[in-house]
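In this document, chain identifiers A, B, C and D correspond to the written order of the chains, with residue numbering beginning at 1 in each.
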Amino acid sequence: MANSMELWFTELQNSNLSIGLRVNRTLHSEQTEFQSLDVVETVQYGRMLVLDGCVMTTDKDEFVYHEMLAHVGLHTHPEPKNVLVVGGGDGGVIREIVKHPAVERAVLAEIDGRVIDISREYFPQIAQGLNDPRVDVQVCDGIKHVQEHKGEYDVIYVDSTDPIGPAVGLFAKDFYQAVYDALKPDGLFVAQTESPFANQDLIRHVHRDVRDIFPHTYLYLAHIPTYPTGMWSFTMGSKQYNPLEPVASRVRDTKYYTTEVHKAAFALPPFVQELVQK
Amino acid sequence: MANSMELWFTELQNSNLSIGLRVNRTLHSEQTEFQSLDVVETVQYGRMLVLDGCVMTTDKDEFVYHEMLAHVGLHTHPEPKNVLVVGGGDGGVIREIVKHPAVERAVLAEIDGRVIDISREYFPQIAQGLNDPRVDVQVCDGIKHVQEHKGEYDVIYVDSTDPIGPAVGLFAKDFYQAVYDALKPDGLFVAQTESPFANQDLIRHVHRDVRDIFPHTYLYLAHIPTYPTGMWSFTMGSKQYNPLEPVASRVRDTKYYTTEVHKAAFALPPFVQELVQK
Amino acid sequence: MANSMELWFTELQNSNLSIGLRVNRTLHSEQTEFQSLDVVETVQYGRMLVLDGCVMTTDKDEFVYHEMLAHVGLHTHPEPKNVLVVGGGDGGVIREIVKHPAVERAVLAEIDGRVIDISREYFPQIAQGLNDPRVDVQVCDGIKHVQEHKGEYDVIYVDSTDPIGPAVGLFAKDFYQAVYDALKPDGLFVAQTESPFANQDLIRHVHRDVRDIFPHTYLYLAHIPTYPTGMWSFTMGSKQYNPLEPVASRVRDTKYYTTEVHKAAFALPPFVQELVQK
Amino acid sequence: MANSMELWFTELQNSNLSIGLRVNRTLHSEQTEFQSLDVVETVQYGRMLVLDGCVMTTDKDEFVYHEMLAHVGLHTHPEPKNVLVVGGGDGGVIREIVKHPAVERAVLAEIDGRVIDISREYFPQIAQGLNDPRVDVQVCDGIKHVQEHKGEYDVIYVDSTDPIGPAVGLFAKDFYQAVYDALKPDGLFVAQTESPFANQDLIRHVHRDVRDIFPHTYLYLAHIPTYPTGMWSFTMGSKQYNPLEPVASRVRDTKYYTTEVHKAAFALPPFVQELVQK
């Protein structure tokens, strides 16, 4: 029996923790204007998009992140017509958003156009939603976009990389205020906010900042195996609607989201509750 | 600034997936009669118990596994008096069990006495429950113990290593039948059953086997960062009681378990439901 | 500053020792009839050929192995006309052999034709010698070839992979006898024989076997950074000529071989001498 | 069969190249005033001393470095009476030096006294020479010591860590001038100067600097499996004596050094010659 080559992608999630994924082959590598971008084919999770050395998404587990980011927000809002995604250039969140018939317009504000191009080429199943006629793809600074659109959106998503490099500004209080201002009077926003096991300070600080601005703030959880510790959090700031009382599911053929999973995601273990208590 | 030594523990979770943890120092290593046993001090999760190269438990995240194994079962049963733990030599599940005042007797049937000794020495916070006067620690073959005690237990736990080596027999249908027979007419059992992302065949086969024997079968989930993929499953077989209607919480000072978390753990994403459908 | 992806090739040289090389991209992977074959681009050593997970050759350090295998033997023989290479499908030894004007015919007997094809495609600088009109490339079992040609060769090279898989037979005493028989009355042979730090039993056994057959047996050393421990040995069996008295150098533009390096390679540290003493 | 834990020490030799050694256990770790210091037990090479994350020495291969640093210099000088070692706190070079009956006094000038203490405790076979009555162990700044002793030494060794952190000053031209001044009119010095495969710029610059100061400059090589690439270089600056004409060996029971190995070590492959040509 022949031995295969040992070729591994490693993400050093912090200086003391790493995940390793065996790689069959590399498909693409480049340095974009904003970050390093790689596409590799892993054995365990299929194709994987890597930005600045961190796993962004994989063929096999992308459904968790994209469904749980998109559908929890959209099922909290009774009639989401105008939606904005800041970041999210792979198109996965957009793909889930356009499953909602109520949505009339979905804007993608991605700073790095190469992420969009590469996702269309190597992850067509993820990027497919970008072709929906209601989608407006803009290669632009999402922070500026938010600042320049007041009272316009029903739901805003912050689908960012980790809070280093180009995404730092997306974890700042000023930005959350701008998001508030860009939302309609009954709007809400959702941001990915890292792991409660590994990024406790970040979750605390984001929650504090959002709570200073939005009347209602929530944290919810999902299992994402390729992200550090496998436990991932999302933070929601809402002007009016309560995510614990979602509307009936408007989507079919989901692999992670259901109304029950939606509600269950807000049942926080005490060690997580503690991070978001006043 | 000085560079620290790069010393890493790696668990090859399967041939394509690994987790890495930086290690400060090793505390103990031996080959017991049954398995290799190591204790190391990791930076991220504190002390870690390793059996046959696999992470068993760590100081920092052990609470999830032990609380979610013990309390879901005990809060499903209205009056659990006699409890058995097969495996579980570190004592963590026992520590949670003895928090329940209703429990009159808790038997630990661990095949490898060295696991108990080492846990008492290196993980006193985990092993502490073993000193409770209601606890009967038996170094013995848990399978035989189950076979030799008919109709005796209210709740049985299978707190095993992965289904290789000494634990293979704990994942066999014959064993589940013996567990059924060892339970009282209203008894129930809970077993750890690996990851829905990484061990789908195992979950399917365990569920099928348990369903053939028990009238009610359930799967529930928890986030355990040091186990493969971070998403861990537990299988419950129950003769009568319904875990979706737990009794009010009898425990305080938990870090993961609450009644809400208990209920939420049974909200399965469709890709997991699929594994346990008839 | 953007972080690059951490993508590493690892060769587990034995269960306790490994070398890691950062990889830019994969160029080719296949399972041939005989072994797994990969070509990757490393940052440190350029393109690398990997067979059954082991480093065979790299752009940046291949010169050491190929020069030191080919030229020591050819400078030991006063008039090498007929030369055979068993294995060596990448063509590197042949490239060095055809630098010798005395050589009239060089046969390459490589069992795996895909190694030759892939080397021509991805390592043209290494494979170039295969196009020399004096070279006869045969895709065949080198052991059979040796058995079927008696008294025909002046110099025979055994350029094999490690003594596992397809190469096992190339480290057997029967094979060395066949090599003896295939040589002319003043012929000699050279084989790569692994590391004196890591493969002491192998060197001892090969040396004993060759000494039983050939009147003169020698070991010599070279520095090869991509091979385990970096110290590599070659074993020579000679019917008549003494490698410690090489002919004047017949080659130019070498990067490792000189007459002085040739002689120095036979100065064995006592811990290596010990391996080859009677 | 039980699986052992995978616990590995990795030295990232540069950002593209690493060596991995399986570790049985850690023996000591501290942050000294100057550097991080660890002692671990590896399976392949026994106990290993690690400074700032880099392999310094191991039980199984230390003999190469220590013999080849000490004996080449001492066999070049006809009557070495006063010897200085800058660095070298593990005592290995001193152990070899005191094998020479001619040596009347050997000063060890090590800046980090903890290296000496730890070596005495964990590497008694290496540190043993420090107890020789001719040895004067000084915990001090070696650079100052050299500056303050003019025309005093026959042979000076620079047994340093890599040219980062505390050892930077030991690779500077000013220091080589001070070494020149501290030597008698017929003195010589030897320094470890990294790998010709991995540190070409360093070797070039050291050679140029030494050549500007000493009338005779030489480079020689040894095989050290635990150092990057396995090929290690030493630079000698000599006021008078020629290392190519060593005195007859004065030492027995060496495992690497012999007069033949001494001479052979100066036979440089052309790619190494190129680094040290004017």
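Observations on the model:
Note that in this section contacts are C-beta pairs under 8 Å (C-beta built on N, C-alpha and C of every residue); 3 or more make two chains touch, one makes a residue touch a chain.
Chain labels with UniProt names: A, B, C, D = Polyamine aminopropyltransferase.
None of these values were measured; they are calculated from a predicted model.
Shared contact partners of chain B and chain C comprise A, D. Residue numbering shows that chain A and chain B use the same positions for more than half of their mutual interface. Matching CA atoms, the turn from chain C to chain D amounts to 180°, rounded to the nearest 5. With centres defined as mean CA coordinates, chain B is found 32 Å away from chain A.
Here the CA centre of chain B is 53 Å from the CA centre of chain D. Looking at chain C, one finds that residues 8, 10 touch two or more other chains. Looking at which chains touch one another, you get A-B, A-C, B-D, C-D. Looking at the complex, you find that chain B touches chain D at residues 2-12, 23-26, 29, 31, 34-36, 38, 40, 50, 52-54, 165. Contact residues of chain B toward chain A in the complex are 8, 10, 14-22, 42-44, 61, 63-64, 195, 197-198, 221, 223-225, 229-231, 254-258, 260-261, 263-265, 267-271.
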